[in-house]
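Dumping the structure here so I can ask a few things about it.
The chains carry the letters A, B, C, D, E, F, G and H, assigned in the order they are written, with residues numbered from 1 in each.
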Amino acid sequence: MSYDRLTASNAAVLFVDHQTGLANGVTTQTPVDFLNNVKALVTIAQIYKLPTVVTTSAHDGPNGPIMPAVEQGLPDATIVHRPGEINAFDNADFAAAVKKTGRKKLLIAGISTEVCLAFASLSAKAEGYDVYAVLDASGTWSKLVEDAAIARMVQAGVVPMTWVGVGAELLHDWRSETGLAHGKLMGDYLPFAGNNTTAFFAAKGQK
Amino acid sequence: MSYDRLTASNAAVLFVDHQTGLANGVTTQTPVDFLNNVKALVTIAQIYKLPTVVTTSAHDGPNGPIMPAVEQGLPDATIVHRPGEINAFDNADFAAAVKKTGRKKLLIAGISTEVCLAFASLSAKAEGYDVYAVLDASGTWSKLVEDAAIARMVQAGVVPMTWVGVGAELLHDWRSETGLAHGKLMGDYLPFAGNNTTAFFAAKGQK
Amino acid sequence: MSYDRLTASNAAVLFVDHQTGLANGVTTQTPVDFLNNVKALVTIAQIYKLPTVVTTSAHDGPNGPIMPAVEQGLPDATIVHRPGEINAFDNADFAAAVKKTGRKKLLIAGISTEVCLAFASLSAKAEGYDVYAVLDASGTWSKLVEDAAIARMVQAGVVPMTWVGVGAELLHDWRSETGLAHGKLMGDYLPFAGNNTTAFFAAKGQK
Amino acid sequence: MSYDRLTASNAAVLFVDHQTGLANGVTTQTPVDFLNNVKALVTIAQIYKLPTVVTTSAHDGPNGPIMPAVEQGLPDATIVHRPGEINAFDNADFAAAVKKTGRKKLLIAGISTEVCLAFASLSAKAEGYDVYAVLDASGTWSKLVEDAAIARMVQAGVVPMTWVGVGAELLHDWRSETGLAHGKLMGDYLPFAGNNTTAFFAAKGQK
Amino acid sequence: MSYDRLTASNAAVLFVDHQTGLANGVTTQTPVDFLNNVKALVTIAQIYKLPTVVTTSAHDGPNGPIMPAVEQGLPDATIVHRPGEINAFDNADFAAAVKKTGRKKLLIAGISTEVCLAFASLSAKAEGYDVYAVLDASGTWSKLVEDAAIARMVQAGVVPMTWVGVGAELLHDWRSETGLAHGKLMGDYLPFAGNNTTAFFAAKGQK
Amino acid sequence: MSYDRLTASNAAVLFVDHQTGLANGVTTQTPVDFLNNVKALVTIAQIYKLPTVVTTSAHDGPNGPIMPAVEQGLPDATIVHRPGEINAFDNADFAAAVKKTGRKKLLIAGISTEVCLAFASLSAKAEGYDVYAVLDASGTWSKLVEDAAIARMVQAGVVPMTWVGVGAELLHDWRSETGLAHGKLMGDYLPFAGNNTTAFFAAKGQK
Amino acid sequence: MSYDRLTASNAAVLFVDHQTGLANGVTTQTPVDFLNNVKALVTIAQIYKLPTVVTTSAHDGPNGPIMPAVEQGLPDATIVHRPGEINAFDNADFAAAVKKTGRKKLLIAGISTEVCLAFASLSAKAEGYDVYAVLDASGTWSKLVEDAAIARMVQAGVVPMTWVGVGAELLHDWRSETGLAHGKLMGDYLPFAGNNTTAFFAAKGQK
Amino acid sequence: MSYDRLTASNAAVLFVDHQTGLANGVTTQTPVDFLNNVKALVTIAQIYKLPTVVTTSAHDGPNGPIMPAVEQGLPDATIVHRPGEINAFDNADFAAAVKKTGRKKLLIAGISTEVCLAFASLSAKAEGYDVYAVLDASGTWSKLVEDAAIARMVQAGVVPMTWVGVGAELLHDWRSETGLAHGKLMGDYLPFAGNNTTAFFAAKGQK
């Protein structure tokens, strides 16, 4: 067994179908928690300058446009609007965009977990990528559906992760140059961390 | 690792013991959610014209007749009433009916998850089929029983799925000829999707 | 203490803001359960020919149009589109429509429970109506919000109810002329009841 | 405020619609817990020789016959099969049977909580009885329905109780003649109590 | 029964002990939901220009400083640091600051629900104020503690509310001058509302 | 409405049947949380030197001896072993011991909530005491039983509380002489408070 | 992959530490559900005449004697009281008793899941037995502990099962000679099944 | 498959980032349960004289100092304060301290489960250690995060455990010299066990 880490130079991020209409169908987290976690992954992509591909399914129909938190948060992302393919890797532009990142390790999030995330993850795995499913920046219609999807992906060798873990593996060391931005990330998206920081500097008289 | 997809020409559906008396024992979903999910899988079988086998256990006793949603929803299904065999594959007629579908991939749902679904899945797997357990069109007596059953099936290589994933893998592309029917399926059995569609066309002034 | 019953001649039903966009915000029930319960109340209004007023808030904006289950299910309802008033009784047309029903007892459902249902209930109570909050045909953003809203309404003397209770009080006796339709209502929206009926007639050999 | 206690000579028990078909619809407790709690109330009625009235709604139809635990457990109960009345007190035979008990305090349990229990409780309260709703020997279709029903009954002055409390108020003192039978009741229907008793006597070397 | 509404000219807001250290003890909501709800109430205070009093308990000790979301969000609030009094109304400066608002209706939120919120609410009620407990901008250590606190406050005549209801009662009509800001409030703190708005304008082609 | 506070000179504490065998039947909290909350109330009784009466039911039988946390934590309490009376106030020695405390306000905790706590609370209320049910230092067999018991007590005018609230009302002001001991109480039984204190002094360099 | 079934002639049952004191520590099911499930496995052992070994850990100390449901339900079981060994297979008498059954497949249940069940299961697996963990006739102190234990056992190749599945695999066919006894088993320990049977025969007029 | 046991001479314990600030972020257990479980693992390390390494991340910042329960409970532990490395094994001093224990089997606990525990576990596994994740002495921000972390570790071959199992495997036999201390451990951190022991000796008259 080896433990091959995520780094800012070996990873890319894929946001699959984070669209307003689909987001309203997510029930596996509270809506506020889910949005918070999506924003956190967006911020990680920015802090670590990870190549990012955002894709949508029928974005000009009822699924709705890209969630503003994703679109506005990732101005440099490659966006691929899929006209009909459900599995993002079935769209040649998307597959090419991913390949073009030159990265071996793919951090994938999607709505929904069992379709957009799982299908892309299984295809990526089959293509030879190392695949990490970012589960809390993903969501679906029921806990049973989410559990089944996670089990299916784990069965296929996909690595289950969540954004704090993804970020921490990328950060590697608090003394690195992203340390400050990473601290802000934690404070912004994990309230207890923000509270701790505020309290700490107040206690030091440095507020 | 390869990712061999479900298609309308490689898959069959098996409904194992969706009988009224057994349905009343399901507690792993709300009764309305469970019925909704069973109907959705029935509709998928119709849309994709999947060969379907429906089987019962002692249907003229306390287990009760086939749930109307299954029986009326699948007028062309092969029905095999098992006089006593618990594992559906122990019944020669059922095994033959499945074989006759000519399909390698079996989508199986059952009441209960740990008996009717798991036993059939393990036997099908042993027979060389690719087996997909459709977990939300299945149900059982407690969460612990369901979790144990899923773990047993996954341990044996059965693929855990749920109906939206099954449908999406079969649909493959929204532009395919089943796209319209598939859209109705989603709207009918995922209320947020129906709401989104209604709202979208109203906003477009096309209601 | 007296127990003054609901009857088909003393009650009216008010649907407050059952709009597609708001329905997607309900998390206090599963989406399928919520839709099921709304449909059941719609059906009760039909069976008992209760005068019904449907009202919306900004229905041509993001809140979306009336949920099809309500609009199509109640073709004879009076519809009042409120241009801005949040409390439905602040809209003179709505208040007049309610008054015009000539009924003393109001069955009110709304999205959300703490705004659309509670505000209308408190105003109706203040106007002298007997108010019954139909809680399962209503919903809101979190359990805490729902609990607070119920406590506020109960504190003000609003009677907390749910659709099966409403229907049963209206039915009064299974031998009444609505008995058959009422039986279908129960079978359609309470799956165990439908299962029981199917099983019973099968056992009797009358299927 | 006064505290007027339940005694073996001032209380009667009413079982409203504990029928097999309705029991299968109860989801507010696990099925095993619910049956256990019904049996416990049956046993209390026996130990304290409380006059008991058992009533059914359409018992020869899909609602099914009286649950065996109730029928066999209460051989001396008055049974009133209601041909159609939903509120048990609307049936003259039932109302007379209750009156004939000569008791002022009514312990009522029913399936479902919001119909069979609540309607009978409200009518009994209106008739001048002291009403105690035995909530764990009752059940219904969802937690929201149960909560609404309890709130409605409490609002009307019905006293919310559960079987252990009912039994304890009747027992009054462990040294009374029913003490031994009551100890067995507790051991049989509260597993920890049975375990404690077994362990105690084993430790004393009296097993 | 009368229904006397909250308005921008009859209400004041009190934030009691929203301090970083105490916020870390809240378990009755997810941390992200709780912070979201506190921010929403802060924003309501701003939109409706409600006089606001913020108070702390031992803010230079382990309880920590005021949560930044409250302090930075309410630059014009009166702040009263209590040196030791637990019930905020026991501090003369706080009681005077509340009185000075000239408002009869008090919207109170606090950490924790059963101490900071409940004590202040009971005292305010005893002083003759109309008291509204904003429960989702408040929190505490366990669900049981929260339920007990709500029951105690309701028993004393405090009105249980949550921020969406508070805001809606203040808004009164979407066509009022605060309508636009209120729409943004809803979109920012209720994700489904933000999604609906984004989707609506996209569908209209006005994005 | 008046708000008459708990003080160290007007309150007494009653522990009703905190026995090892009964404690093992409590399921309404985790066992560790329950023990923690009982210990906290014991500590409050000590800090505020509240007269305390501890009573048991058949302590030399399967119910078991007094929980060590109560017995050892309250060496000066009056202990009344009841030979059979279930309602503690039916035992003359207990009633006399309570009366002898000379206190008007009774803080009562018990196992179980619906019997030992509720019966004593209702009797105390009927006797003219002000009664406060300390719900988290009490427990019972299921959430439904606890909810019913709380509803029954609230209906009768008993005040629902929990230990942090009880302690805070007694403390009144952190600058009082019990402030230091009270701070330790909070740190010992609310882990976040202990963590905050440790972190605060570390940040100040005063560890 | 092969599917080697449980039969009455290849399986033995091991009850590990089903003692009264340990049973009171189980929180992963309701106490009544847990006892019900233990009794069901006991009944299966009897119906299928499976060789059974019951073992205890320090049964004459605080762990308490064998649960009566196990001891009285299995009069012919081999009982091995272990004086100190925690892993039952470390006790030579137990290991010998298991070996003496001559069975290759072991159905193991234990309190607690992560110690008594998991340790015995891992040792049995290492010894070459086919091991089936009967999870609902086992229990432990928290859901997290149970989940971890199941994951550990599954990781080691132990098959996760529950009693209905075990029974159904042994029954194999309802027409076998154990069919009648098996039907009673289902009716006794799965209330919906009992209700269905009662209702069915009533509908047939065969009650 | 072999089952290689934990013993007092082959195991070491690693506490990774049990710091006050991080502890306040744990929501996967109640705060009191979490602290209880951490203390239990600390006590196990002491009873079995296991070499122990305690490490922190930025302990002089907002993460806070070591939890007193860990620091004071393990006076002989090697403490490694990491200046920035997130994965403890990236710190040479920590890696050396672990190596110096000379143990092959590592019991690791951490806050948070998916970062501090999972990263250290994966690295240790890659280094060739046998790794046991002590999940209940670890915690994180949400159940989904914990589930994902457990799945990731199990996928990599880490053994999931909890403290009672760890202790029991180390104890091996109640007659060993640590038996007495182990009994106290159980009584102190599993309340039912303490209750059982107290009750047992009281029943024996040996209290």
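One rule holds for everything that comes next: a residue touches a chain if its C-beta (ideal position, glycine included) is under 8 Å from a C-beta of that chain, and two chains touch if they have at least 3 such contacts.
All figures in this text were calculated on a predicted structure; none of them were measured in a lab.
Chemist: Show which chains lie in contact with chain B and also with chain H.
Modeler: A, D, E, G
Chemist: More C-beta contacts across E-H or across C-D?
Modeler: C-D
Chemist: On a C-alpha centroid basis, what's the spacing between chain B and chain C, in Å?
Modeler: Centres of chain B and chain C (C-alpha means) sit 33 Å apart.
Chemist: Starting from the mean Cα coordinates of chain B and chain E, work out the distance between those two points in Å.
Modeler: Comparing mean C-alpha positions, chain E is 48 Å from chain B.
Chemist: Could you list which residues of chain H touch at least two other chains?
Modeler: Within chain H, the residues that touch at least two other chains are 21, 24-25, 30-31, 33, 64, 141-142, 157, 190, 192, 195-196, 199-200, 203.
Chemist: All pairs of touching chains?
Modeler: Result of the pairwise touch check is A-B, A-C, A-E, A-F, A-H, B-C, B-D, B-E, B-G, C-D, C-E, C-G, D-F, D-G, D-H, E-F, E-H, F-G, F-H, G-H.
Chemist: Using the touch definition from the top, list the residues of chain E that touch chain C in their complex.
Modeler: The touching residues are 1-3, 28-29, 33, 135-136, 150, 154, 157, 159-162, 164-165, 168-169, 171-176, 179, 190, 192-193, 195-197, 199-200.
Chemist: Under the stated contact criterion, what part of chain E meets chain B in this complex?
Modeler: Listed in rising order, the residues are 196, 199-200, 203-204.
Chemist: For chain C, which residues count as touching chain A in their complex?
Modeler: 24-25, 27, 30-31, 141-142
Chemist: Enumerate the contact residues on chain D facing chain C in the complex.
Modeler: 21, 24-25, 57-58, 61-64, 83-87, 90, 112, 114-115, 118-119, 122-123, 125-126, 140-142, 144-145, 147-149, 151-152, 155-157
Chemist: Show which residues of chain H lie in contact with chain F when the two form their complex.
Modeler: 20-21, 23-24, 30-36, 60, 64-65, 67-68, 189-192, 194-196, 198-199, 202-203, 207
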